[in-house]
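Look at the two complexes coming up: subunit A is in both, with subunit B in one and subunit C in the other.
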Partner chain A sequence: MPATLFKTFKDIIADCLIHVQIFKKNILLGYMHFSIAFGWFMLILVGHIEVMIYTPQRNGVLYYPVFFRYFVMETHETLRGSFFFFLMDLSLLLVLTGIGLAIYKRFHSRILGMRRTTKLRLGDKIALYSLWAIFPLRLLAESFTANISGGSFLTISINHLLNAFVTNPDHILPVWWGYSWALGLFLFALPFSRYMHIPTEILLIVLRNAGIKSSVSRDGYAESEIYSCSRCGICIDACPMTSKKRNIKFSSVYFIRLLRRRSTESLATADKCLMCNKCVDACPVGIDSTRLKLLKRQEMHVRSRTDYEYLQSIENKIDATDSVLYYAGCMTHLTPAIYKSLFKILKSANIKYTFLDIDGSICCGRPLFMSGDKESAKELINKNRELIRSSGCKTLILSCPICYKFFKEEYKLDGIDIVHHSVYINNLLTSGNIKLHKGIGSFVFHDPCELGRGSGIYNEPRELLSAIGIVKEASQEKNLSICCGGSLGSLTLSFSEREQIAKSSLNSLLTNNPDKLITACPLCLKSFSTYNTIPTRDIAQIVSENLI
Partner chain B sequence: MNKQVLVIGGGPAGLEAAGQLENLGYKAYIVEKSDKLGGHLLKWDRLFPESISAAETLQKLLEPVGHITTFLDCTVVSVSKTGEHFSVQLSNDATLNVSAIIVSAGFSLFPAEKKEEYGYNIYNRVITSADLEDFFKTGSDSRIQNPKSVGFVHCVGSRDEKACNRQCSKVCCITAVKQACEIKEQYPDADIYCFYMDLRMYGRGYEDLYLEAQSKYGIRFIRGRVSEVAEDETGKLVIKAEDTLSSKPLKITLDLLVLMVGMIKNADNENLSSLLNTRLGDDGFFQSASPILRSTEGEIAGIFFAGASTGPKTLPESINEAKASALAIHGYLSKQK
Partner chain C sequence: MIDFGYSLTSSSRISLDNINQKKLKKITAVEPDFLKCMACGSCAASCSAGNFTKVNLRMVILLLNRGMEKEAIALIEGCMLCGKCTLVCPRGINTRNLIINILKIYKEV
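And now, the complex of A and B:
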């Protein structure tokens, strides 16, 4: 418990004040967020300390620290005074540089590492422009009064400048009003704008670290996720569907906005999504928008009348007590070269295997699950689990990452080692059970969404490939890998849209002119081989071709 | 001097067009990218629906071509049009000055290995319709060993958006029926199955052949696509499909599976169309000026089409179009001085 509390505290500092995640994306973008958040926080903190020290009788009066310079005359002659003055001016300067960057970003977002940003709505605009106005006005107001109530390097200098041409001290008042108005307007617009993320994100971090997950798409934890979305738009660039400026309205940021407004259109956006999880990986706030979309689909799903009774008539006759069990799944049945190659490898390593779905698969259930039909998926899961359990196997090998992720997460097969074939083959290599011929051919490895971002397997396939040839890099790989376009996640994408995605993914993969494109997913294999200009192979195929 | 016409592609359409142009008094040149004239006809044994010999048909097409200048193993490198004349540079460094060009570049066969679920080049007993035709012609194919059961899969790479080909290839339905009858003649004990989406028996005599295939040859037609093919321990093929007429999934073990590969655009159509400054349709085939009244003419004066370069066609359609194209050129050139 203290560990969780400490982690929560650390996360709040790192994500809400310093914005470590955004720094990782782009230093300027990170600085922009850091300077505004941290600077503002310092202004509030130091302001309160000043109130506590100089006017303890006003402690707890909310507006007092905000307009402190207006109420209190102090001296910067003392060391203590000048220390706080300096700190306040420094914080204000920090915020102002951030605001400057923010204004610049509105016109040239590319400099800050973003190709596209979110389109603003009225509430956002009011909040944004008032936010821009608050700090320059505060600077001006505090500078005006700097010769009366004190100041430091910034405010005093500006005060000298102003005194040169504004001599009437009555002009001080409108500037303080302006500052007061801008701040008031911002706070008023906040709940109707994207800036709601400022207070909500802290709550989100607390809930997330407490291990809470959303079970509906709009309330509870989901609500804290929805309001924590700052609509920064990083997910727009991340989304594979938005290449060539198409489908921007289907990116996660707009999905979350539709959810927030409780719009029925959110379902269409949820259905369109590839569920490749690239936006979730990119999100600086860590919002699991894929899960929200899945929940939306499940809520809207109309129970089908499909009959699964036939499953009961399938006998549990597979015996794998003294062998490893292999499950091909529907997709690998459509790409038989993969399992043929895998069996060749297993034979050469003298490993006994049993082919669970040799007579055709009972689907793993993930396509149904992703479409929102949780009930039907459960029928399939139960039968498959029964078959696997009754086989008595210790190890289950899968060549399809879509099945793999699902078996790992939803099947509850405790005691059985579930392995993806790329990892299993790599283990055979490192344990010396197979030997490979190393040639001079070069490969690029495509990380399938479900294997990479979905299951965190990035290195094993590359280790394996480097035993056969040279592994070249793609321009976007590992957690940045672009979906092949074939994803089962999307329910409504057209062929031409999928073609666009496949081509942009190939574009990234072929950057360094590899000889062959290798992947570890039958669906990626099929999607790419349709459009690829170089040969596309599954990792099992290339390994079996290079067995010694 | 006689006006000159360049024929790009020496398949049936190109040969027929060149012969007709010569008859009309023009000088024709044929540019052929392979080392032989005849195109896909070279690889075929008998032609539907009346089982006419492909070799004899080709022989007749080649007869008038004897004195026509042909460039084999040769492609067009550049084309420039000045006024009404085309200056054409060939890959063998020859330059031709012609008054008109016929594009009779034909089609390619769909590469069956792209539909991996059917197992071509993965399982030994899966062949294509072209392989089977080659077997009929040469009498030998190590994959065909006295089969007791044979399946034909229609529409492989045709009418298939996932394979990037939406078009119907027109000839495969009737070719499958023809080949099914032929293989039954060769192996009378074999059970023959055809898996189809729907059968397009539009030509004269097609329906008769289809009925004969059922009544005389006992070929079984199953409406439904094959979903996947696997191999059992003995090397036989296990086919899974759905009989959509009885709404039942079915599983059959076969000795041989024939994939009816469709007609697709040539890979070099894009290059050729940019050289000729013509357009391609979404399907990658050439686009003519108008699909009804000017189907053999290009949008640019002096460019003409014949045969499958503008989309899948049967052989008689290609031959007729070649004649029509020659006549259109005659009309076009007669108007010039």
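And now, the complex of A and C:
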């Protein structure tokens, strides 16, 4: 428990005050968030300390620290005064630089590493403009009274600068009123705006670290996720669907906004998504938006209209007690070159294998599961599990990352080692069971969504490829890899939209002019082959071609 | 019945009056690709479920266009939504969305 508490505390500091995640994306953007959040926090903290020290009788009066300089006459001549005043001015300066950047970003978002930002609604606009106004007004207000209440390098200097204007008491009140109004307006608009993420994110971190997960798209946890979205728009640039401008409205930020407004359109947005998880990986708040989309699908779609009676008549006759078991799955059956190559490799390593679905496969169930029909998927899972269990195998090799992820997560095959063929072949190489011929050809490796972001396998395929040739980098790879466009996660993307995605992904992959594009997924292989200008191969194919 | 060694084949008459226009409009609205099918049969040839039972998307589309809903449903409710047919369809039809919606609109539960 103390460990969780500590982690929660650490996460809150790192994500809500310092914004480490955003710093990792872009330094300027990180600084913008850091300066406003941290500076404001310091203003509040130091403000309270000031009240405690100078006017202890007012301690606990909520508005007192906010308008401290208006109420209290102090002098910066004392050591205490100059220290706190300096701290206050410094924090204010920090916030002001952040606000400056924010204003600049609204008009030139590219500078801060973002191609697109979100469109604002009325609540957002009120909150945004009042937020912009708060701190400059606070600076003015405090400067105007700096000769009475004290100040530091910033406020005193402005006070001196505008001396004649400022000393007129008629001018003091309006700026203090302005400041007060801006702050009030901001706090009033907060719940109706995206800035609600400021308070909610803290709650989200607490809930997440407590291990809570949502089971419907609008329960407590989901709610805290929805309100934690700052609409920073980072997920817009991340999303492969937005390579064509018309699909921006399908990115996660807008999905979350639709959920928040309880709009029925949220389903159409959920159905479009490729479930490639790139936005989730990029989100600085860590919102699992694909899970929310899946929950939405599960709630809204008709389910169990399928009829799988026929599965019962399939006999469990496969025996793999003394061999490894191989399951090709639907997609690999469409690209038989992959399993033929794999079998060639297994033979050369003298490994006995049994082909579970040689006469055609029962789908692993993941496509059905992702369409929102959990119950029907269960029937497929149960039958497949029965077949695998009764075979008595110890190791199960899969070629399709979609199956791989699903077998690992939903099949509950304890005691059976589930491996993707890229990892299995790499193990054969490191253990010396196969020998490869190293040539001068160059490759680029495409990380399939379900293998990379989905299962965290990035290195094994690259190690394997570097034993055959030179591995070149793609402009976006590993966790940034762009979906091939074929993903079965999307229910409604059209052929032409998928084509766009495949092409933009290829663009990124071919930046360094590799000789061949290698992937480790039958679906990626199929999607890319159609549009690729260089040969596309599965990793098993390229290895089998280079066996010694 | 006495077995005379021959029988009558069942009628293959197509009655277009049986088509439920409302449902047909609905399905073309949610998945306009419905109209693009050229009945090539690639989907049925590659079908995963087709290995075990009588799933046949080509036939389903034909039957729906002939107003034979019951027969159509019987040929698609075994679909596992694996997506192979989408990948092989030469007309680029989003078959999965089509199937989901056929089941939604035509299958009574």
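One rule holds in what follows: the second predicted complex is superposed on the first by the 542 of 548 C-alpha atoms of A that agree within 3 Å, B and C clash if a C-alpha of one lies under 4 Å from a C-alpha of the other, contacts with A are read in each partner's own complex, and residues count from 1 in each chain.
The definition used in the following text is that contacts are C-beta pairs under 8 Å (C-beta built on N, C-alpha and C of every residue); 3 or more make two chains touch, one makes a residue touch a chain.
Note that the coordinates shown come from a computational prediction; the quantities given were computed from them, not determined experimentally.
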item	value
Fit-or-clash call for subunit B and subunit C when the two complexes are aligned on subunit A	clash
Contacts of A:302 with subunit B and subunit C, given as first, second, both or neither	second
Comparison of subunit B and subunit C by subunit A residues contacted	C
Partner chain in contact with A:48 - subunit B first, subunit C second, else both or neither	neither
Partner chain(s) touched by A:360 [first = subunit B, second = subunit C, both, neither]	both
Subunit B versus subunit C as contact partner of A:491, first or second or both or neither	second
Which superposed partner A:526 touches (first subunit B, second subunit C, both, neither)	both
Touched partner set for A:334, first subunit B, second subunit C, both or neither	both
Which superposed partner A:119 touches (first subunit B, second subunit C, both, neither)	neither
Location of subunit B clashes with subunit C - one stretch out of 225-233, 261-269 or 279-287	225-233
Common ground on subunit A, meaning residues reached by subunit C in one complex and by subunit B in the other	333-334, 359-360, 495, 526
Touching residues on subunit A, where the partner in the complex is subunit B	333-337, 340, 358-360, 495, 499, 525-526, 529-531
Subunit C - residues contacting subunit A, complex	33, 46, 48-49, 51-53, 77-84, 87-88, 92-94, 96-97, 100, 103-104, 107, 109
Touching residues (chain side subunit B, partner subunit A) in the complex	114, 116-117, 119, 122-123, 161-164, 228-231, 240, 251
Complex interface listing, subunit A residues touching subunit C	301-302, 304-308, 310-311, 313-314, 330-331, 333-334, 359-363, 365, 367-368, 371, 373, 380, 486, 488, 491-496, 523, 526
